[in-house]
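One chain, chain A, appears in both complexes that follow, with chain B as partner in the first and chain C in the second.
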Partner chain A sequence: MSLCKTRLQEERKQWRKDHPFGFYAKPTKATDGSLDLTQWTAGIPGKQGTLWQEAVYPITIIFPEDYPSKPPKVRFPAGFYHPNVYPSGTICLSILNEEQDWRPAITLKQIVLGIQELLDTPNPDSPAQEPAWKAFSKDKQMYEKKVKEQAKKYAIAG
Partner chain B sequence: MSDSDDHDEDHEYQSFEFESDYEDEYFDNQSENSSSSTRSHNERVSPSKTSTSFNEWTLPKFILTVFLDKYQKLKDSKLGGCTDDDLLILLHYKRWQADEVINDFFDNPKKLFEQAGLPVPPQKSANHLKSTTSFDCSVCCESYKQVMVYELSCSHRYCLFCYHHYIYNELSTGKLIHCIQPDCALTIPHGDIDKIFDIVEHDSSIIKITKPLNENRLLVASAKIFVDSQSTYKWCPAPDCKGFTELVSSATFDEATLDYKDISIIPIVRCAESHEFCFSCNYENHLPCPCWVVKKWIKKCQDDSETINWIDANTSACPNCLSSIEKNGGCNHMTCKKCHHEFCWVCLGNWSEHNNSYYKCNKFEQDMSEIEMKKSKSRLTLQRYLHFYKRFTIHESSMQGDLKVLKQINNVAVMYLESRRKDSSVTSLAWSDIQFLPDAIRALSNGRKTLKWTYCFAYYLMDSNFQEIFESNQDYLNRTVEDLSEIFEKITTTSTKGDSDIVKLIMKNKTKIINLSNTISLRQKTLIDGAYHNLKEGLMKFDA
Partner chain C sequence: MAKDTYLKKILGNDRYSRVRQTKILMVGAGGIGCELLKDLVLTGYGEIHIVDLDTITLSNLNRQFLFRHHDIDKSKSLTVAKAVDSFNYFDTKLVPHHGNIMDAKQFPITWWSQFSYIFNALDNLEARRYVNRMCLYLKTPLMESGTTGFDGQIQPIYPYYSECFDCQSKVTPKTFPVCTIRSTPSQPVHCITWAKEFLFHQLFDEVDSSAGGLNDAAKIKSETDDKDEIENMTKEFNELVDLRKLIFNSDARTFFTELVNKIFKVDVERLLLIETLWKSRQKPVPLIITQYEQDLIRILDDQTELQKIFGDETKVWSTLENLVILFKASESLQRRLQGEESFLSFDKDDEDTLNFVTASANLRSIIFNIEVKSKFDIKQIAGNIIPAIATTNAIISGFSSLSGTNYFKYDFEETQDFSRIYQESSSIFISIKPNKYITSASLVGPNERCPTSSIARGLLKLTPVEVKELSLKWLVDKLIEQYDYADEAVALILGKSRLIYDVDFDDNLEKRLGDLSGFTDGELLMVQDDDGELESIELYISIVEDHESDYLPQIKLGPKKAITEESSNGSSGAPDVATDTIVIDEEDEDLVEVTEPVVKKRKIEVEVL
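Then we have the complex of A and B:
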């Protein structure tokens, strides 16, 4: 079995054994019903006490063939409102960047926790989209309103 | 532009002697490890003295002089508690600024060590490679019964295969490489990188004789990136050549304002393997052509624009299947060979609709002569282009053929001498006796190179009397080059009795070879100098 597959199976095993509260992550099903370990869907809960609370934000994680040498590609839905998320939904996070802080030992748990951390602590030095970045740096009220609207959209049912 | 004021042009034009003073100056800039014997005839062919000076480099030499020289210096200054590995990491971190390392070390050693990813307090260099049993690697998730692992003083362990993968990917950045563990900033020493590669790639746990430090993978990667990022360094464009050249100074060379008539300011440089190339456009030595002519020519050859022009003028596309059709006779009722579509050549309309009013197409008659003229003109330009292009490529391919023959001859001669040397009783041949061979090889290939580019030059040249002079110079050079090439060819084809026979033939032809090599260099210089002079004086012009 390839290095990538072995590692992903282990990641899945570890996740099922133990994962942080409120998160979910699972491989997608291929058209023939088998599990596709290279494509995952996951949910990032907003931290309590922040603008992002009471919602779970969906992401897709795509593992390249040379994972874990290369980082996975992680995306929110296109158009996600956050200063460090590109219009396509791609997340600008140093641990997910091969040229920056990616190391093969970073686990799925560390990735999702890193993204949760990023939600409420955007990095104003690496803007990825105009609307959220402009509002965040110039019009906090507007920013908060938009984030709360988005939280409603992804609110936990019930 | 600057040449007219600093020397007498008439003198320059009449004497085609080697410019020994220029060469002397050049040698002074060169480093010690290129032997001067191979250089003495390695005349830089340039129309006149230019202020182009350069250093030829290879990666190991560059690492030795630029990186490791500082390392030696730092070793001598004895920073307390630092191992050699530490010093190398500190220097790499500080981009090889030894002074900065020393300053920061005495200012705040702890901070410097932390920044560079060295353990605080400093550790005695330990063996980071260990063989272990029943180990689970958390990167590849394999469970090994017995495996080599790597760990720095942080004790984060990963299997050697994962480290090999990881370092392989990280090398492309040329920066220091850290422990795989996220958030661990410890740096992997340079030597360990080579050790890991040697073990994994040779698939054995016995450490082979490690490469010298100036061939260290990380240092090589780092040097490559440095060379790429500096505009004063360029890689030699010759195939498989790993040399690069540093431009120290050149005549004010500004492509935008470049007066295209002065070819003396073209910065022709040489790499460590004696390949001459143009520092400006990164092609091989293309004298006598100015860079802009070279670019135009290359582009032309690449997109075959003449062929397209010809196709455009001489063929029409079948209105049904769009195949190109050339009409070489017969009436205007065309039937496409491919799709059998019938149409009128004159108006490209459908023939069946056309039947009754065929003579309507006569109104095009008057335009026909114009079309014919266009056709013959385009045929002529194509022929002209092909004429020059053919000769250009012929010399290119002959050059490769020459090199093959010459290498063979040189090898034979060297081997023969080697065998004779062992037999000390024979003293008939000395090394110096065949020193003329490498010079002849260089003269021949440089001559061919110049010849090749004269065809590009001639293609763009406007008709004039001076063009004829240029062409006769070209012819002279051509003949000498072919003569020398023929001698070598004959030596390899006529000798039937093996190596000693080849050597005999070489020695028999020695004077001829030396004379022809010198004539080639001379005629090459005459041609380039002539082109330089006539362009400068406006006697020859390019048809832009």
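Then we have the complex of A and C:
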């Protein structure tokens, strides 16, 4: 749909003009040398002063053909440790859910900021995986240890 | 008395003679197409081209009256063209084409440009949108039509003068969040989606490992070394993998028992452990197969009983009956996989797959205390189908043809100025609601927020030699020169979503056009002003042996229009009940694919015709 591509190019332009510090987001390069506007990779920095700090967590963002009527699918790597992230890496977040708070006017910037916010403020009412959810609600020490280990894995180089 | 005496009286001599000399296109030769072609031939058009990609099936014959039993498996377009011969009183030249209207190789834009008027008789949104866009490129008037059940509508489209097909948002099929489908279903459709797209798919279909399918286990292992964690995360998937293996290494009884035990007991018990889910929801109740085992064995041995259960597709089955159906279906699917077939896809017309999905969806519904549906109902939901009604098609075709002659009131040979005719045309809606059998609405101008008609369109004409020799840089310069983009900031998007150039991405500038993959005849090139001042233009790449000196449409781009998302968002606002009219005729069944209903938000005047 023409709306999908014009909007995605618009998002790219807006991001170029102004994006939050420490984040990155770019369409992936296809083998034929073009950029695929429907498939992006992005990085979410953990907020300073939280368990998630000093790391940038990679996500992939896939925009469906009927974007922006429908929200993009956003994923961390499979097995990402967070109570609201499915084992496949898919993020369970209301603004990314068509049935809940997705609005076509939500921008890429708002999405990545929303995900950054989710990192340190998980929603215990919508568990998406067992290990992180259980630890978060019953064994905070274990939870913190795991999150810190994960932060090390995605630590900002240097 | 000559056969055209009344036609002349009805249409008037001038209009009739224009009709006689006109070349038109009818897209689709199915439910509406059969009716419509009859009407068009009897209206006396000079030449009618007919395009359809389909062949005739048995289930078409109840309403697609130009087809007979001996026509089954023949091309629809070729068959209709022959079928109308017996009443082709005005020697209309009929030119059938068997093919996909969206195939730009078979139907290049030069082919489209020969028609003065186009009638759509289509059954799907994608092709409708495509024809609509072609009409916008060429400024060819279009008559859109569609039916669903007892509802139907026609809409005359005068490109850039009246609303185009996309000017009113279409409700797209609903998708459900993973969370609802996997853990907290609350409607029958949630369970049906789960049964069809998750359970059936994972067990029997070809699994796409890249899309978080069964191979997720391997992916997870690459992410973490913690043993317990791996175990937890991969548990559900691994169990499905094991189940899938059982298809090949066990008998029907074992497979079935393991299946029911895992899916309807173990998984449900595990969900119950997540207490927060059930704070404000009713808890599911795991299914204990042993309670039903004796009865199940008895019925499976009792042919009369079996036939009774299988025989009634409109009855709502009990837990036991659903188990019986599930057993028989999984037994037969298992046998098929052990035999020739390497995987099975859900198909509403494949009894085994439909039975499996029906029974497993219903068992899940029972567990979650959701209404249980009959197989007949589930077939409609799972297959996205609703009935096609011959009478609706006949009425709508009549309106389509009659209303189409309106265009020939005036002579448009020289101009494409539709400012007068569009105000003299209307959309027509029919329904079964009392007092709303037939309503009509005057046409209004294009929706400024329409994602399709609010951007400029035209042809980018190049010869094969130019494509080979000219570079992307040449094209970018040419665009800037022609349309006067400030700061020379343009973005070029080829096809659906491939960005080939913008100010931040100049890797391809020196490439020849022909070396850019996808830069071919019939492909679309969207040119966007990255400064946001000028409207976007979508160019249709037309590669022709020769063209006049101009490569690009000689138009002036207007200021950028505010295409806001409301226009594309079908979910905004409740549809106006009085006019929530619909499009679509079907194909392959006595039931039809539902495409998305058109939701009209505008008030319409009601006229008694």
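List of remarks:
In this section, the second predicted complex is superposed on the first by the 157 of 158 C-alpha atoms of A that agree within 3 Å, B and C clash if a C-alpha of one lies under 4 Å from a C-alpha of the other, contacts with A are read in each partner's own complex, and residues count from 1 in each chain.
Operating definition for what follows: contacts are C-beta pairs under 8 Å (C-beta built on N, C-alpha and C of every residue); 3 or more make two chains touch, one makes a residue touch a chain.
Keep in mind that this is a model prediction, so the values were computed, not measured.
With both structures placed on the common chain, the touch criterion links A:69 to chain B and to chain C. When the shared chain is aligned, chain B and chain C each come close enough to touch A:9. More residues of chain A are touched by C (comparison of chain B with chain C).
Legend: residue contacts after superposition of the two complexes on their common chain; A:50 is shown touching neither chain B nor chain C. Of the two partner chains, chain B is the only one that A:110 touches; chain C does not reach it.
Once the two complexes are laid over each other on the shared chain, residue contacts for A:41 go to neither chain B nor chain C.
Once the two complexes are overlaid on the shared chain, A:99 sits against chain B and chain C alike. Look at A:78: by the touch rule set out above, it reaches chain C but stays clear of chain B.
Note: residues 3, 6-7, 9-10, 68-70, 98-99, 103-105 of chain A belong to the chain B contact set and to the chain C contact set alike, using the contact criterion stated above. Touching chain C in their complex are the following residues of chain A: 1-10, 12-13, 16, 27, 30, 32-38, 63, 65-66, 68-70, 77-81, 86-90, 92, 97-100, 103-105, 124-131, 133. For chain B in complex with chain A, the touching residues are 138-142, 156, 158, 162, 165-166, 168-169, 173, 178, 180-182. The residues of chain A lying in touch with chain B in their complex are 3, 6-7, 9-10, 68-70, 95, 98-99, 101, 103-106, 110. Interface residues of chain C, counted against chain A in their complex, comprise 172, 175-180, 212, 216, 219-220, 222-224, 228-229, 232-234, 237, 274, 276-277, 279, 451-452, 455, 491, 493-494, 496-500, 502, 504-505, 507-508, 511, 516-518, 526, 528, 530, 532, 536, 538, 563-566, 568-571.
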